[in-house]
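You will see subunit A twice below: alongside subunit B first, and alongside subunit C after that.
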Partner chain A sequence: MANSHLERFEYDNSIVRNFSVATVIWGIVGFLVGIIIALKLVYPSFLGFIPELSYGRLRPLHTNAVIFAFAGNVMFAGIYYSLQRLCKARMFSDVLSKIHFWGWQTIIVSAALTLPFGFTTSKEYAELEWPIDIAIALIWVAFGVNMLGTIWKRREKHMYVAIWFYIATFLTVALLHIVNSFELPVSFLKSYSFYAGVQDALVQWWYGHNAVAFFLTTPFLGLMYYFIPKIAERPVYSYKLSIIHFWALIFLYIWAGPHHLLYTALPDWAQSLGTVFSVMLIAPSWGGMINGLLTLRGAWDKVREEPALKFLVVAITAYGMSTFEGPMMSFKEINALTHYTDYIIGHVHLGALAWNGGVGFAVLYFMFPRMYRTQLFSKKLANTHFWIATLGIMFYAIPMYWGGIMQSLMWKEFTADGVLRYANFLETVTQLIPMYALRAFGGTLYLVGSLIGAYNLYKTAKSGSLVRNEEAYAAPAQQKAEPTHAEGWHRVLERMPLRFSVWVVVAVIIGGVVEFVPTWLVKSNIPNITAVKPYTPLEIEGRDIYIREGCVGCHSQMIRPFRSETERYGEYSKAGEFVYDHPFLWGSKRTGPDLHRIGGKYPDSWHYMHMKDPQSTAPGSIMPAYPWMYEKSLDYSHLEGKIITLRKLGVPYTEGFEKLAEADAKAQAEKIAQNLNSSKFDITADKEIVALIAYLQRLGTDIKAKPTAEQ
Partner chain B sequence: MAQTRKDELLDHDADGIQEYDNSLPRWWLYMFYFTIVLSVGYMIYYHLTGTDRSMIAEYNAQLQEAALLKKANAGNSAPKALPTSPLTDAASLAKGQEVFESVNSLCSTCHRNDLGGQVGPNLTDEYWIHGCDLPTIMNNITTGFPEKGMLPYGSTNKLTDEQLLQVASYILSKKGSNPPDPKPIEAEREVKCGDEDDEHHAGEDDDEGKEGH
Partner chain C sequence: MKSNVLQAILGIEVFPVISLIIFVAVFTTMIIWVVKLDKQRSQKMAELPLNDGNREDIFNKNL
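Presenting the complex of A and B:
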């Protein structure tokens, strides 16, 4: 570059610092909430029965905090750091950087101010209500414009592999978020999903699975591609592998969502697509692992020295394990064993704690001394953090794996006489409590490690001073020498961000279209059941309470066609039963039993006692009590709007029914209250519990044959 | 690792990061091909051979297998003759009470410790829904009423034959104990038990629990 004229410019380190500090703070909050809900499964009365601190409401807060606040902020920190350096350019716009940072933090705060108060759409990892969804879309676009703008004005001719992953992240997450968040508002903080039942499930898990892919995987692979060669000071193992595994990964990932819905009411062909595309994902995923680990050849002595590399090695190894485990669990036979169990919880935490957390902390340990022009305060403390975190991950994952398989086998075991050995679901839960205790211990270790890390980073920052604007020099791209030999097609593509982005969109859109369109258009995929009718107004209110309390966090509503499930719960669930379910509430985990056929199984009085004090009907239960439902009066003020909204979404309420809805609800509530009164329970018809009982008693009953007349 | 070319640097430089021109690892590539072939085979096997391999077909096969097993077992074990007279000694009744109130058998959570009934019916009066003689009660405990939330207990599952007899005897011993505030008599049964014709015999009413009177 001796012959070219160098331009002087400055990297923006302030924005990187801001995102880094936010990472540490939200990380600690997210882990802490995780420990609280982990303890609630060991001691259900931990922190008492306060609505805002109940398990069902805190669980989405935990998942959102860890995914979008911890992993999200560290992803942005790493991207803002590496993108500027890879583009040899300052971020496109400081204003957009600030809007992105403060907007994202505001979204996180608004999540913390809505989820514990029961404002949730109930769709996993997309729980935030519609005004926040809109804010997310806007801030995400601000981030994207800022990123693409930076790429546009880069001083390098080619985009390095890390940038490919960043582009794929921005474009695909935008697509996922917008499509999955289609919802019709009822009020300021209440909406119903645009989709119903099977379609809602398919869209949700297309989103949910690819949030893992494009929010927790691709950006972190991008970070890996920048930070590993940087820290190890070694060339990337194989450029060809980067190309092949990048395109294969983003093309194949998008198809795999239905593996979250195996053996559900989703059509068989869509389930099989989920299986095979997951299996084909092993190699592309491992491509990233191989390229990461083989880049470290000849640098293993550095791993001993450098705590950040230790985190990266464990992260990549865990990534390799998770991405093998995922495809294996996509096989029907294995899925039949692991789905709905804590095995999945172990699996996702291996990913979140080891992969995202590992890459995240490595990135922070690398960036802090450089941004503050100093040395890391203590390598010893960083190593301590590493070992405590690794130990914490093992204490977390192993009991969850073990417990998950153990419980699943208990669910399925029949005696020689052909009856379920553990007919009482609770017996399979109480066995898990020691595992839950170990898991809480593992999580606590991880938090302790993070606190040590936070202290270390704080002292590092204190020992130096932030270089807000880091001076750099580079020649403008057009002045750089043209390559002396012909470039490969991909090398050419790397010079064309727009064309590159178009191909990314093409790659990620195919899978979704092939799976969605037939499910919408081909009637046979969701056979109609005439007996299935819309919910009554009171049942809608009850369903909204079920959503508000996060019941779906522990109870599925999807009975799989297994003898062990139909014996336990009743007839397996059919696609046609969910056509009025906006949103679907199939759930993904059974800490408690499935509820799809709970309707009519127990008398109202059982539910009344159960929700008031679960231990009274199920001694040893770890379900929390819901005393507030017995005090709070039902709020019918939005009922009219709810009926109108649902009608707009295709639920066949007759015109004008919204005017009669409240009276209808009150009449039904009165009946239930009278029934409870006759069982000597002192309750009035206006209480929330009455609506919840109405909803539960309706569940799964539409297709049941009318009971034969009494003899 | 066998590579055609080994560790040749490309003229790439991204913020000081260089890249090797190494080929794709062979084993990795073959693994990728293998998963693709496997996937095609999987789709053909499950959807294009003409044989129904849907999850519902799988389920029906499970049911058939279970039905065959049940038939085979039914041939082997003759129905057990259940005792017809309850135990009355204090020690047995105390043991029965222990079972009734224990956390594992869950009788008391629905029928209350004093048997006055709450979710489940009052067990101390004369208005029995499902029959009131000893063999019938033992049978009902064994099969349960799953559709009403009462799980199967008894000899096949939770309780030994001895415990089953003890708890059934204990229940009968509380007849007429008049606990305070009992659950009102269910509409399903207005006739006193024993006043009617349908006699219950041991071993005959396996399906008792399923009829849902």
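Presenting the complex of A and C:
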């Protein structure tokens, strides 16, 4: 045995264990919050009307917990496990590993401590306020340095395809996070987006789309390429296909963002480009799916035996389904049907529960027995987990798909006389409630499965002892990796992480630039509508309450140019109407109706009653009540700062206006309060509801004919 | 929303053309390279995850 030249070293399993435990804990928390908000859509009064537990504030907590805490932690666990073994090296720095782990958990805790209290930027999957944004950037860099350092000092000459996916993940997420988080702070936990209106929307969905691509897809594909061969004990079906998969995916994905903004201010060619690239994405995505599944050829008996493989097979199948749905929904005609509906909720949960959850649990079931040098406590329980989770996904996704299409068709249905058949939006909502109940049941099944999984993993850990430092052997790294003539350029590239990274960035940036230049130029090219004026100080306060309460989670402010929408809501939304909107509040889901033309539609008294008890003005409504807005006094302490910040961002408030702002706000509030008092409502001008009414009554009125309610 | 907001941007029509050229160039290069890839080497690359460098890997497989 000529092994004397081998170097002995140790893999760090502690860090993998830490991320794994965090995954399980945060996963359960994230799923639980999901069930709570699902139940709130069935029973709006569930848990009472406590501000910190209201739907609008918990929804971003749920999405952030599942994406960044559950999927994030399991991705780090899997990366730390596989990267060390693929590189035949311990992580570059134990200190950086610890900083990464504890930093990431601190970020999650600070999310849990800010979102329920209404500290949010309102931009989807980027809700966290600016100090946390900075922390994310720093911790992400710690992760990247640690990863690239490990790759740098690796003993294995070549970089396996999984590592390419990890590198692309690190670089692209860094780019996305930084660009989308440009914001100007007003106070410690309040900021306004650097961008406004259309531009803000374009940046946000460039981010949103690619966050799904590079946070929830590429790292998990990397894990798939490592763990499927590992568990099936055979190499990947086609390494060549995996190369095509990688380059095609990262190159195409970044171009496809505009499909989130069909029927908006984006020029037609950019929308079409988004559609074309989205459709082309099917090729690499399905190539990857086929590659994963075919790796199991001749090993399907193992799928019967091995619960982790069962999870992986369902995960990859769901990946195939989601990546088919995505491109299909990029077609304008289909997008017109599915956008703003629960279909999207079904689509993302298929991805989150089956793909991310499936890969995640498979990785955990594989790693735990190995790290603890023992056997899985119970295969039977793992199988139970698998079946309950799969059933849960079905109970979740099918009602959402069905309900989404059903509601969309109802929105668009006209009678023979040419009027909307369901003129009252609520009629289309009440029919969805059974679907919402089924969804809550599906989510509960998924949580039960996860609890069983947690118990199984706990017992597995108990039955063994953690091998904190696992010994391994490999030939030492060559000092100089001079390329030989026999080697192709890519082989050289594979050996040089730095150059490889540069190419990844180039591939990503090309697509980004083509999508991004119009985004930057759009600012100076939006037609000015002279009637559009900045918000009054009171309206700013009202808008901030709207943001704080997460109203954007259920109400869009973007009327598309369809007859069914202009009939229902009024004139379609124009790009020039949003020039002072820092941030934009277009929304992506209509659990309630669009609000862009709500201003002047109803009298102040209607809003007063509606927010206090939505069922009083809309019987059967599933909107929560907001009793605290009637008790809490408006806080004008940051108003001056808000005006100054917004002026810096380009909103034309005159110099010195900030000093007059409070008086201006109070005068406007007094008028609304008097109006409410005359309708026999007992309210003083200093209450929050007054500011919210001021904002709602302003919405969309700049270019609207004089509203009837005011005449 | 207005779909023609950006049409006033100077030279914007060159964007789709640039996109097409970049796209075709990148993909042609990639496909040529993958087709020319040596099968033995790619097989070796594919087997990388199977060896953890543990004692068992070293002695059983005699790597």
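One rule holds for everything that comes next: the second predicted complex is superposed on the first by the 684 of 711 C-alpha atoms of A that agree within 3 Å, B and C clash if a C-alpha of one lies under 4 Å from a C-alpha of the other, contacts with A are read in each partner's own complex, and residues count from 1 in each chain.
Here is the rule we go by: a residue touches a chain if its C-beta (ideal position, glycine included) is under 8 Å from a C-beta of that chain, and two chains touch if they have at least 3 such contacts.
Model, not experiment: these values are computed from the prediction.
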Do subunit B and subunit C fit side by side on subunit A after the overlay, or clash?
-> clash
Where does A:88 make contact in the superposed view: on subunit B (first), on subunit C (second), on both, or on neither?
-> both
A:517 contacts which: subunit B (first), subunit C (second), both, neither?
-> second
Is A:679 contacted by the first partner subunit B, the second partner subunit C, both or neither?
-> first
Contacts of A:632 with subunit B and subunit C, given as first, second, both or neither | neither
Does the superposition put A:286 against subunit B (first), subunit C (second), both, or neither?
-> first
Using the superposition on chain A described above, determine whether A:240 touches subunit B (first), subunit C (second), both, or neither.
-> both
In the overlay, answer first, second, both or neither for which of subunit B and subunit C A:160 touches.
-> both
Touching A:269, do we find subunit B (first), subunit C (second), both, or neither?
-> both
Return first, second, both or neither, reflecting whether A:459 touches subunit B, subunit C, both chains, or no partner chain.
-> neither
On subunit A, the footprints of subunit B and subunit C overlap at residues 82, 85-86, 88, 156, 158, 160, 162, 226, 229-230, 235-236, 239-240, 244, 248, 263, 268-269, 271, 273, 560-561, 572
Inside the complex, what are the residues of subunit A that reach subunit B?
-> 82, 85-86, 88, 156, 158, 160, 162, 226, 229-230, 235-242, 244, 248, 263, 268-269, 271-273, 275-277, 279-280, 282-284, 286-287, 290, 332, 414-419, 421, 423-424, 483, 560-563, 566, 572, 600-603, 605-606, 609, 616-620, 678-680, 707, 710-711
Tell me, which parts of subunit A touch subunit C in their complex?
-> 1, 3, 6, 82, 85-86, 88, 156, 158, 160-162, 198, 225-226, 229-230, 233-236, 239-240, 243-244, 247-248, 251, 255, 263-271, 273, 470-474, 488, 490-491, 507, 510, 514, 517-518, 521-522, 525-527, 558, 560-561, 572-575
Tell me, which parts of subunit B touch subunit A in their complex?
-> 9-12, 14-25, 28-29, 31-32, 35-36, 38-40, 42-43, 46-47, 54-56, 58-59, 62-63, 66, 69-70, 73, 103, 106, 109-110, 118-119, 144, 146-149, 151-152, 156-157, 181, 183-184, 188, 212-213
The answer for subunit C against subunit A in the complex is residues 1-9, 12-13, 15-16, 18-19, 22-23, 26-27, 30-31, 33-34, 36-38, 41-43, 45-50, 52-55, 58-59, 62
